[in-house]
Amino acid sequence: MSINSFGRMFRVTTWGESHGPALGATVDGCPPGVPVDEGMIQHWLDRRKPGQNKYTTQRREADAVKILSGVFEGQTTGTPVQLMIENTDQRSKDYSEIAEKFRPGHADITYWQKYGIRDYRGGGRSSARETAARVAAGGLAREAIKALVPDLQITGYMVRMGEHEIDRSLFDWGEIERNPFWVPDRQAAEDWADYLDRLRKSGSSVGAVIEVVARGVPAGLGAPVYGKLDTDLAAAMMSINAVKGVEIGEGMAAAKLTGEANADEIFMGNDGQPVFSSNHAGGILGGISTGQDIIVRFAVKPTSSILTPRKTITKSGEETEIITKGRHDPCVGIRAVPVAEAMAAAVILDHLLLDRAQTGGLRGPIG
Amino acid sequence: MSINSFGRMFRVTTWGESHGPALGATVDGCPPGVPVDEGMIQHWLDRRKPGQNKYTTQRREADAVKILSGVFEGQTTGTPVQLMIENTDQRSKDYSEIAEKFRPGHADITYWQKYGIRDYRGGGRSSARETAARVAAGGLAREAIKALVPDLQITGYMVRMGEHEIDRSLFDWGEIERNPFWVPDRQAAEDWADYLDRLRKSGSSVGAVIEVVARGVPAGLGAPVYGKLDTDLAAAMMSINAVKGVEIGEGMAAAKLTGEANADEIFMGNDGQPVFSSNHAGGILGGISTGQDIIVRFAVKPTSSILTPRKTITKSGEETEIITKGRHDPCVGIRAVPVAEAMAAAVILDHLLLDRAQTGGLRGPIG
Amino acid sequence: MSINSFGRMFRVTTWGESHGPALGATVDGCPPGVPVDEGMIQHWLDRRKPGQNKYTTQRREADAVKILSGVFEGQTTGTPVQLMIENTDQRSKDYSEIAEKFRPGHADITYWQKYGIRDYRGGGRSSARETAARVAAGGLAREAIKALVPDLQITGYMVRMGEHEIDRSLFDWGEIERNPFWVPDRQAAEDWADYLDRLRKSGSSVGAVIEVVARGVPAGLGAPVYGKLDTDLAAAMMSINAVKGVEIGEGMAAAKLTGEANADEIFMGNDGQPVFSSNHAGGILGGISTGQDIIVRFAVKPTSSILTPRKTITKSGEETEIITKGRHDPCVGIRAVPVAEAMAAAVILDHLLLDRAQTGGLRGPIG
Amino acid sequence: MSINSFGRMFRVTTWGESHGPALGATVDGCPPGVPVDEGMIQHWLDRRKPGQNKYTTQRREADAVKILSGVFEGQTTGTPVQLMIENTDQRSKDYSEIAEKFRPGHADITYWQKYGIRDYRGGGRSSARETAARVAAGGLAREAIKALVPDLQITGYMVRMGEHEIDRSLFDWGEIERNPFWVPDRQAAEDWADYLDRLRKSGSSVGAVIEVVARGVPAGLGAPVYGKLDTDLAAAMMSINAVKGVEIGEGMAAAKLTGEANADEIFMGNDGQPVFSSNHAGGILGGISTGQDIIVRFAVKPTSSILTPRKTITKSGEETEIITKGRHDPCVGIRAVPVAEAMAAAVILDHLLLDRAQTGGLRGPIG
């Protein structure tokens, strides 16, 4: 079943609600002997932490992670790693409205329809706060990857905010960490700041597109025909709150291409490994990595928590209106960047382990 | 693990290669007492069958399904259902070129890199022929759905072929079955026929976008936060050969919307069920169905098997060129329509069963 | 994978080491709307708690359970339930000997051989302390069962301690809760007290046989041919520390019977349900419950932590001797009783959910 | 879910009924490059084949296995292997009695209670015929093990038939293949022949105990605390038809031992590997292999298909009697020997793959 778990070998189960005492990730199947401590995990959590600038929710959470198990004397032991984050800013507030009314575009109504009970405080389990647990687990995955494939790098960034897209000709890896939007285009970073500020002040919100690139992934990860690397990446990204679309490589635009245009031609590299003329495939063919960059992209819808009144109904079935006050993100896509990196790390580690299970690292030699 | 399986309760494992003696689907967890016979499954296979018109591969396969187990006196027994399709048109041909060279844009090279061995005949396991097994399993899923939710309907159709899109103002459900492209727009069907004919004659290929709509899906299917209905649909579609992008509802375009535009406002319907002003969500909020139409869309890349020579390498690492002769589809998206319907049926049945496992069909009453 | 998880729908993952900050159980898939609070779970933990009498380890742990998620306003919400128990009695002691030497009959050496690292403090992950998490999860399972099948009762008791067996003619359900051994035979309880006291004083230990009976289990739980109810019960019991054998109904003694003796003859009961002349089957035929009492029995080996010196080796490969001082149970079988009840509860709940997933509670009518 | 599957990495799903057109095993996750052909699998099936002597059912099945997928040019490709066995001796006979009455001690009644439908012909899915598929999958597992750990040997034999036990002082590995009972004691083989002949003629049946030993299993296989090697072996054996008890090493008798007696003392061997003074543990400590022989034992109940009339009821709820005529085994334990070997092979291969997934074959060096 495992409705709150993902991964096969590196298996992550997240738990916890937005306003409960704590939330976390139970990680099973991590390789032993991986050097890790709370600081290394905290590093990644700090990137996702809310309240760091005016573009994200002003909820202030320390988001301090505790490792409760599975690590001994600075190394993983191969037993489950429990990563817990206590909720410290459960501000006492009046939840009576949100308890009674369903926010349009939000999971309020479906949780109620399915379970007949919901923890409405701060969105409960459907809050984006759950993604903190993903980032913690992803931090552990990164350390394990480092031990297995030291040069593998996973980087996420924003390529679209609302109507605005980056200019790919200005793409600069170094720029990503320098602006609050994780945008690889300096000009876009400046323009978007104004744009988002206006949206924030008007109580509105907007969607975004995030791209994650994994460089240095060995060829041969993934498995036909349902344990494909792209299938698992798509599922991982689609499971993130507010995501409505996922693309690999050329993505939806692949529909417009002819076979000639889409074929990534193959040559021999100097190191005896194949090189490709292009990467429409996004680094994956037949569900298996080619050794090229893995490219995954996804769209995040705008937050449904906005100040403009929207029509809705109450639990009692009466028609009414709702305005969502409180601390919210005008563009949840911003904080989705570290979350997506974490999911990519977990999926790639999982496939590294699966691959050595089935093949033992055997590789078909070319040449 | 289950690298060749999907589903949790309704669990499908496909097996078989394009040019082996047979292929099929092993289906575990089907409810007992579902009326089914080979004819009912065959009905769906016939829709996918190649060679039915000039727009699909001229390989002629009877694609006759045999039920080898799990059905007794016209009903499922609750034990595994084995659906086998024998390969009858394994035309003896010269595979020496394809055995030595990797087709650009094809899984040839990654299977080799991963396993060090590959059944190159007709693409082996990576052939679109594997999707026949999916269609068979989906046919069984449809019969089980019919027994549980008689009014649930799953319909796929093409909305884009290459640069051409349908005109949504001309959308006609009735048109879908009347043209070889499953297009719900009569004018498009005519225009695309010419377009594809030209492509076919030139030995080229083109991509497509398919949309699948499930109507009559009860509210409450799906489960947070990794067993989400949209997550499972995305994985199911992404696992189909040549798919590079998946969208739910508004999809990638959700990134361009503001919160006001995206919110599907809620009202009370006459039957005591909520109704919505729009369906940007694609029928899913927080991973759980709302009762609205479920809308999933995906892009299929153009076949990499084309007549234009492409640069590639051999198993021995020598640079060379390749032309893929043989029987291929100029637009594999056409045959992806029945495949996607089958995947949607399997996912929805799976969630119907999962939901009654956890909740017993309990529903939170509104009003 | 799920090497630290069990169950399919009601899925339990335990985590934590004996001397880490905490341990617990992450429970996924629990039905919503189950009334539960910490006191209800604590009730079961208190039965397993060490230090309650002179026959169990003198380690004093409050074993206070905290519910960190998945419960809201006194009911389960259908999201993961995190049950955490903090370790409070991590007595600072000298672990240098146990860190260097492997205890014969203990997992010390195999953890080292497998992982190359082990948390030796108090046995780490292999400590019987892990079973506290099982009992907590089992407590939750009991509440969920109560909501589904109110009359279902699960009771464990000891039937053998070392060379001593109970007299089945004196079997008294009421006696079980009245003695420290959970023995349903008052005379045995008295005799065993002296016996175990002598063993304890001599620093020795002894094995035991536990029997768990589930009464009121509906017919039809379990599924052929690998998801059998007896298969899952056997796995659940065998996974408990120190268990070396598991039996269903007649158990190993079934080998001695003839077909005539073993056949439980069938009659019609007054309530329209079948009744059986005997229960050699232990309530399970073909992996599916018959409606009779489910009977499972297992043997626990004697603790390997004893005061008599035993030959062993060090991490450095030197031959040496070891005496295990410290707080240990002369008969770990005693505390295995509540653990086994918990495992039985989890397995039975899991199958209740699985059964309604596949069959919807459909039952073949007899008569 | 996977109610008809077992294994995590080497994942086997069996399908098929006793009197349907065919049955088989769908094997997913097999390593690529394993040399295998139908003859190698057939070798193991022939050992289980009925009708080879007067002590097993006289049903005559060729039990010829066909490899339908996953093998190319004599090697596994890493894709699913479909192993199919056609049912050739579906003798047309009168099933009217068995269709109406439930055999005591048989799964007839529970399948009916659960599913409301059952394929009664020859026992349908609950027939021991299903075990042919297990033997086929086990044959493939053996070939994969051979490629990974060439010296690993798995041998099953009978140690008890009814009241008769072997004399362990006469244990002779060479004798096992020389008698129809797979007994490692020549004298027992002779005595049991007479005994079973009498039982057969009287239309009765008797139970048995089987032991399986795996020699040459590397230390470090298995994983705490629910993916234990002994847990998986126990589940595998308990899932075999008619099994009522499973033991590892000392088994149920471990309950009678003191800690001193049970401790397998540890010494250093000449090859730098630990050696043990005894093997009460059955080669497994804490769920992980020690490098000693793995010893698993299980009891098979007597066939419920006997000639003596037994009381039972009909589908209509009327009380009646039943005699089971037809072709049956007086001691099903005989044919359980190759089945148990197959299950052991599948479990051990699965753990070899799991271990290299998580640890990469890393081993904690002693000394």
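Going by the order they are written in, the chains are A, B, C and D; count residues from 1 in each one.
Definition applied: contacts are C-beta pairs under 8 Å (C-beta built on N, C-alpha and C of every residue); 3 or more make two chains touch, one makes a residue touch a chain.
Every value quoted in this text rests on a predicted model; they were computed, and no experiment measured them.
Peer 1: Measuring between Cα centroids, which chain is at the maximum distance from chain B?
Peer 2: So the chain farthest away from chain B turns out to be C.
Peer 1: Where are there more C-beta contacts: A-B or B-C?
Peer 2: Comparing A-B with B-C, the pair joined by more C-beta contacts is A-B.
Peer 1: Just curious, how far off is chain C from chain B if you go by their C-alpha centres, in Å?
Peer 2: Computed from C-alpha means, the inter-chain centre distance equals 45 Å.
Peer 1: Report the inter-centroid distance (CA atoms only) between chain A and chain B in whole Å.
Peer 2: Roughly 26 Å separates the two chain centres.
Peer 1: Give the residues of chain C that touch two or more other chains, as numbers and ranges in rising order.
Peer 2: Residue numbers touching two or more other chains: 1-5, 8-9, 14, 29, 32-33, 78-79, 114-118, 125, 223-224, 354, 357-359, 362.
Peer 1: Which residues of chain A touch chain D once you look at their complex with the stated criterion?
Peer 2: 1, 9, 29-33, 78-79, 223-224, 353-354, 356-360, 362
Peer 1: Can you name the residues of chain D that touch chain B in the complex?
Peer 2: 1-5, 7-9, 11, 13-17, 20-24, 26, 28-29, 32-33, 66, 68-70, 72-73, 75-82, 84, 114-119, 124-125
Peer 1: How about chain C: which of its residues touch chain D in the complex?
Peer 2: 1-6, 8, 14, 102, 104-107, 109-118, 125-126, 130, 160-163, 199, 204-209, 219-228, 230-232, 234-235, 238-239, 241, 244-268, 272, 274, 276-277, 280-282, 284-291, 299-306, 308, 310-313, 315-319, 333, 354-355, 357-359, 362-367
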